[in-house]
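Have a look at these structures, which come just after this line.
Each of the next two complexes has chain A plus one other chain: chain B in the first, chain C in the second.
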Partner chain A sequence: MTASPLSPADWSEARSWGVAPAAHLLRRLQTGYRPEELRRVMDEGPEQTVDRLLTEHPEDPSIGPAIASLEQTALATGQIDSLRAAWLLGMTTPVNPLREKLTLMWHNHFATSYGKVKSLELMRRQIDLFRRHAWGNFGALLHEVSRDPAMLVWLDGNSNRKRHPNENYARELMELFSLGVGNYTERDIQEAARAFSGWHMRHGDYWFNSLQHDDSEKTVFGKTGRFDGDEVVDLCLEQDACSRFVASRLLQTFVHPRPPEEWTTAVAEDLRQETFELRPVLRRLFLSSAFFSSEARNSLIKSPVEFVLGSTTLLGVAIRWPETLRLLASLGQNVYEPPSVKGWEGQRNWVTSTTLMLRTQFIADLVQTNQYGVASPSKLLESADLSGVLAIILGSDSPQLLASVREQMSGLAKPDQKQRLTLLMQLPEYHLY
Partner chain B sequence: MSRISRRQLLTGLGAAGCISFSGQIPGLWRRAMLDAAESGKSAERILVLVQLAGGNDGLNTLVPFTNDVYYRERPAVAIARDRVLKLNDRCGLHPAMGEFRRLYDEGRLAIVEGVGYPQPDRSHFRSMDIWQSAHPSATDFRDGWIGRSLDREFQRDAGSSESLALGTDRTPLSLLSQTRAVPAIEDFQQYRITGAALASGSTRRPLEKLAAESSGTSELDFIRRGLIGALETADRLGQLGDRNSSLEAFPATGMGRKLQTVAGLIAADFPARVYFVSLDGFDTHAQQLAGHQALLAELSDAVGAFAKELDAHRRSDQVVLLTFSEFGRRVAENGSLGTDHGAASVLFALTPPGHGGFHGTPPSFDKLDDGDLIHTVDFRSVYATVLDRWLGIPSREILAGEFAPVPFLPG
Partner chain C sequence: MRRVLRLSASILLLVGLVVFPALRAKGHDAIDVCPPGAIAGIELRGLAPAITALEHSELRSAIESSPAFRKWRDSADGRKAAGGVTLIESQLEDSAWSILRNLFGDQVAVAIYPPASSAKPEGVMVARLADAATLASYVEKLQPLIDLAGNRVQRSERKDGGVELVIDNRMTLAYRGCWYVASENRGLIDTVFSRIDSEAELKSKTPHRLFDATSSAGAWIDLAAIRKLMGTLPVPQKLDNPLASLLFGGLARSIKDADAVSATVAISDRQLDAKVTVASPIRSQEAPFTAYLAPADGSRNASLPPVAGLLAGVTVYRDFGDWYRGREQLVEERVLPEFDKFETGLSTFLIGRDFGADVLPLLGRRVSLLAAPQTFEHLGAARPGVQLPAFGVVLELDHPEEGADLIRLFFQTLVAVTNLEAGKQGRQPWILTSQVHRDVTLSYARYLETPSGDSLPIVFNFQPSSALVGKYFVLSSSREFCQRLIDAVLDWPSPKASPPRNLSLTFDPAVAAKLLNDNAAALHANNVLQGQSIQQSEEQLTLLVNWLKQFRPLDWKTELGERGFDMSFSLGW
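Our next item is the complex of A and B:
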């Protein structure tokens, strides 16, 4: 019998714990990191790092007020960009980076757009919901999302009335939130839609409008009863397809864009055993042999948020938000406004010649000008030891890559620090993690 | 005055795949057109795909104004009989589509009725994936019908001009290739690398070397090829110049600007064979009359201006424009003055003069599938027509099957 993909990675033998696996862990679990953080992860080792990142820590007193003030500004002025800046600032703060990364994952999973919701307050509350459940219980999250006011606006809850059921939420619940195409019938959707009828929003809150709720019998997935929305959510959670669907989401976000079947099966099984408690499942996944396997390393393409904020964090840039937000939108990831209810498809879809051009230009502007804010790079990045710098920036200890970079450096007329950083961060490898 | 030749353009594009435009190119055609004339090469045939995203309501676009079922099922959202732009004694265009009417009268608007596919899917995403991949039974959509077609051409002759230009902010599935990165331009103005951007030529040379060697399918190979393709495209667009010069007035709408850009590139002999643009907002579940009218007006006016611009450049014989949408709407209106996701619908093609008219078979109103029109023409027949008769690419290989052509293009 072969070992489970979720069996813990073995650090005792051939490949010992070191800079490359530490960088891999850090790059996958955080949106960005300062060079010093890599040293810390190497010292702590994988278990301690994962436990630390999966623990909620008190907010950083030096950043907390800045985030709060951006949120206040947003609500006072109606400027969604301030709300964006508040969230992105939180993502780059080293206190709860994994929680914020998971929050972004749920925002992508339950993709709801300010473009239709048109309420900063409702959008902020929905993101808070994702934050509360970041590594909580997926079932609890799915129940709460189903009555989340922003979601009710986004998928036309108020139009779902007894005589005129609106299928929008029921369809996306099955197609995009819990099961995936092919795991339900059109009939299931029509019946489930009736179960959610009367789940309305009033004065910014969920409101059960009993007059518009159809409490007659429905048949969903072959089961019949006078189901309400919560019971339909439970029926979805019971489907085998649900644990597989969530497993795919976790694997595609953190491990591999096209995970092998047996990885999905293993994570799905783990989710069922833990009754959808995410924290223990994530912990096992982040320490697993699959997570650290050679197939997984550098298999993901950085999202715009990861590419841009990863770069600003690496260089210690005090971000200028208007320019940075504009860039992120051009690169295709305008948080709070996913392109559709399907979210960002990510991976190769991030890559077009426009976005590659913009990313290349951004690196030059970031390193060489103050367009995106003033940088204060760590001394570690100025070290004469090129292999150490390469490990920090690219998470690589590959001798071939080092040789190739040395060759390219030798082509620079008078390589200064800025040119060196520009070159390293413009490498094709830098787009991966 | 330095001019770039068509040959240089083609050479430059070499390994590039698709290019996406949605911004406006400040008239780069004029100079390049001179070059095209100089080079004396015969013009390539071009396809422009226009995606109507959201599921266009075919019944309110091509209105069956003598059909009682239509008026009975749509008491609030039907287009009144006396407002329809009648094309024959059975149906006519939505009143906002005056330009389509003109094109029809000129014999260059082909109308294909009843287009769909078996076991229609009513999910936007899946149905759009089906249309764009032309693989109705697939579960994982990796490439598009155009992407596969141009891959095939590229393998046959890597030096040929088998590149495309598109018009959305990201590469649509239709154009995705499994083997080549597909450059996509969202806004022409962004498509530049300023002086200090690259650390030096020394970054670029190794990159070119690596890109030439990277034939693999890893993410790294994909990024390498994409980067080098992007740099080449930027070079070439930089050379094309920067003067605005449409001959015809284009409407100041999103679609107007996109088609103006496409027309400029075609006139400039930009070496793309397929362009892709998208018009979003057709998911008209509620209060559909005003919104749908605005969308159809935007489409019709932009296509009208595009046709005039092609005429002015004598390129009308070179270009086919094809609309498509993931599905039509249900026959019956819903309770919110809108229509819900349906099945078969109508599509339009702007053809070279003389090939317009009605094609396909009108879907039956007597026999519906759960309230939806049943298709009479498989959309892959439309694709087969375009591939075999227009682009000269054997459709059988691309579509994995034989589909009877719809004669809206010369055989």
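Our next item is the complex of A and C:
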């Protein structure tokens, strides 16, 4: 009998808990980490680390006021970059890193762009919604997203009227938010659109416009009734495809870009059993044998946010945001403005000849200049022990990799700390995690 | 170490020395013993109390605790300077503040003369100490350091009983009694000492010196003499900024033809008053420069409307029509296209009207721009995320009714255009309405609904308001400020001031400090974006606010005086 992919990873003597799995866990669950955090994770062990990361902690008092200032100023002046900086600054703090990573995942899942919404307040509220439900109940999140004012603007909720239904939201609800292509019919979309008619925004909030709501019977997924939007959302959640769709999202974000079928099946089953409560599902996933499997390790390509903020966090850089935000946009990930309703496709799409050159140049500039802010690297990165530094930066204790790095360094005459860091962070392996 | 010693020796030599019994009582003033024929002069007198006040001021503490000062103090230059000060203090057995007070606290004068033998002007510095014994004591204590300077310093006795030190074969420093004199021209030094010995009463011969009994510092430049030497003065007749031209163009022009520029500064315990006079035949200026001049009888004057609690305000008296029409002579050519853009932009709001032909003739000559904190009464409990002060304009109109109609047209079109934009952005529109305030109809725009929240967009700072008050049109970004401006115009005393005033300006640093505090979030956000931590930003803001709070309002006015153009500046702390 084959063990479930969600069965806990075995940390018996044969595969002991050590620097590589600890770094893997940290790199997957946080956007970035400071070198000292690796030691902490190794000491805590996997269960305690995952429990800590899946727990909401009070905000960092040294960062909270900075984020509040940025948000307040963004809302007052209409400068989206201040709002971007506020969110990304939060991602770089070690207080609730997993919550912020999940928030970014939901931003990509329910991709909504400021380019159309044109309201910083509505965009901020939507991100707050994702943050509140980061590891909450997916069903509750889907219900709230359906009423979210930014979403109502993004998918033309106010145009969905009794006699002129607008199908935009109903279509994306099924195709991109809950079921995936092939799990619904055009008729389902048309009928669901009527259920959402009259779900409008007024004075910046959701408003049920009863005069524009079609209260007549609809047939969705073969069921007939005088459904409203909430009932259509519930019908979506009842579909087997829904749990598989959400499972795929979780696996592709945290485990593997193309997860094996049995992994998806296992996580989908877990989601159904937990009635879409994400926290226990994520906990089991992050401690599972699949998560720590060799197939999973270094199988993901860092997104621009992970690459850039991961690097700045690693080096303790006090980030200059205007330059950093320009770089992120050039690398293809401008938060608050995903390219389309499908979000960022990610993975292989992150790396092109242009973005690879930009990434390489960024590392050189980051380590050797103050263009992106002043760095104050940890003493751990200056250690003479190359294997220790390699473990921190690349999450690997592989002797082959160490030998390869030593060989590359032999080409440099007495490399200084900056040259060594630049070389390590420009390795192809650094783009993976 | 040798460099430090050399530096120290030079400083000490410049500081002034020796212990000769005073040959005569200190009688003459430092400026009066300077040889005649100077083309420029500077004098300081009685600064000791001001030095003491600065030593014990909170301002000094604020500066010394600033991150920038601390950074400099920790730098190589800062450490070197601190080392030099410590060396002097230990050698003289006195604090740096006391040394400064003793050496410069009584009288210092510097005079500059036209070039004689060399290509550059020559100068002499004369200083008089309150107490000859102090100088004697300092010199005695510094002698070991002077000896260390070796043959770079040549010492000799003067025939008049003084001592002369020649440093590096260039600078000569001579001292006797409570006097010390420095110059590269020994002839000037000899003349100074012969004037010191003069039994006759000496008076400065320059007509440009305006120093009086209240002055602590003064300076003057004989522009006519410099013009004679140079052929012309390098003063730009055209400015490259229209606003600068409107405010200061007349000043630049008056300097071009001026005989001299003189300045005095009076410093008391908590007040600094400065006055600059440009001696110039200003009334003989030709158009368009007459645009800058208030009437000679002072009947119409650039005084500020009496509004309490202003952040800043400026009133200018200008013939705007002459200035605008004469812009080709007043501003640089590359700026002229900006005027065309301005007219094109304005035509959007004044449809079918021409600025030069239809608008300018309606305007009077006095305009006030004012800013003051606002209470945001139009927002109830809500607040904008960035809290701007209220802005106001008080515009004198030559044809009040016609002018007011035109401005109302502008105002209503502005509100209509803004409402269209607000609709696109999902913001609240403005509704035009009116009220009566002290029998004056005040038109204003209110929001359809009172908004809520404490981070409202910046546009919520504005509640456009206007009123015609006699011959003045009042425009403001806030209804409450508009009411205050109406009160001020109604209570504005008729100008009695003479000489005529062209410009009045005021700025209150304490009000600015409060506004900075109210907008701390925006300032922090900007600093955080640049890579600062919130703690660093808070430290910076606290320092700036504390520094600004040290000052009382700053006032500046320019008037047409008997000699020409007078600028007065006062600042309290």
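FYI, the second predicted complex is superposed on the first by the 432 of 433 C-alpha atoms of A that agree within 3 Å, B and C clash if a C-alpha of one lies under 4 Å from a C-alpha of the other, contacts with A are read in each partner's own complex, and residues count from 1 in each chain.
Assume a residue touches a chain if its C-beta (ideal position, glycine included) is under 8 Å from a C-beta of that chain, and two chains touch if they have at least 3 such contacts.
Predicted, not measured: the structure shown is a model, and the values here were computed from it.
Undergrad: Between chain B and chain C, positioned on chain A by superposition, is the outcome a clash or a fit?
TA: fit
Undergrad: If you stack the two complexes on chain A, which partner ends up touching A:A85: first (chain B), second (chain C), both, or neither?
TA: Touch status of A:A85: second partner only.
Undergrad: So in the superposed three-chain picture, is A:S299 touching just chain B, just chain C, both, or none of them (first/second/both/neither)?
TA: Once the two structures are laid over each other on A, A:S299 reaches chain B alone.
Undergrad: Comparing chain B against chain C, which has contacts with more of the residues in chain A?
TA: Comparing chain B with chain C, the partner touching more chain A residues is B.
Undergrad: Identify the partner contact of A:R348: answer first if only chain B is touched, second if only chain C is, both if each is, neither if none is.
TA: Once the two structures are laid over each other on A, A:R348 reaches chain B alone.
Undergrad: From the CA centre of chain A, what is the angle out to the CA centres of chain B and chain C, nearest 10°?
TA: In the superposed arrangement it comes to 90 degrees.
Undergrad: Output check: A:T77 vs chain B and chain C. Expected answer is one of first, second, both, neither. What do you get?
TA: So A:T77 only meets chain C here.
Undergrad: Considering only the touch criterion stated at the top, classify A:L401 as touching first (chain B), second (chain C), both, or neither.
TA: After superposition on chain A, A:L401 lies in contact with neither partner.
Undergrad: Who does A:L380 touch here: chain B (first), chain C (second), both, or neither?
TA: neither
Undergrad: Could you look at A:A20 and tell me whether it touches chain B, chain C, both or neither (first, second, both, neither)?
TA: In the superposition, A:A20 touches no partner, neither chain B nor chain C.
Undergrad: Look at the superposition and give the distance in whole angstrom between the closest pair of CA atoms, one from chain B and one from chain C.
TA: Result, nearest C-alpha distance in the overlay: 14 Å.
Undergrad: Just which bits of chain A does chain B share with chain C as contact spots?
TA: none
Undergrad: Which of the residues in chain B end up touching chain A in this complex?
TA: It is residues 16, 19-20, 122-126, 139, 169-171, 181-187, 190-194, 196-203, 205-207, 210, 219-220, 222-224, 226-227, 229-231, 233-234, 285-286, 334-336, 340 of chain B that touch chain A.
Undergrad: Residues of chain C touching chain A in their complex?
TA: 384-386, 425-426, 454-458, 520-522, 524-526, 528-535, 537
Undergrad: For chain A, which residues count as touching chain C in their complex?
TA: The touching residues are 62-63, 65-66, 68-78, 81-82, 85, 89, 118-119, 204, 318-322, 373-374.
Undergrad: State the interface residues of chain A toward chain B in the complex, per the touch definition above.
TA: Per the touch definition, chain A meets chain B at residues 156, 159, 161, 163-164, 166-168, 171, 175, 181-182, 186, 257, 298-301, 330, 332, 340, 342, 347-349, 351-358, 360-361, 364-365, 368, 404, 407-413, 419-420, 422-423, 426-429, 431-432.
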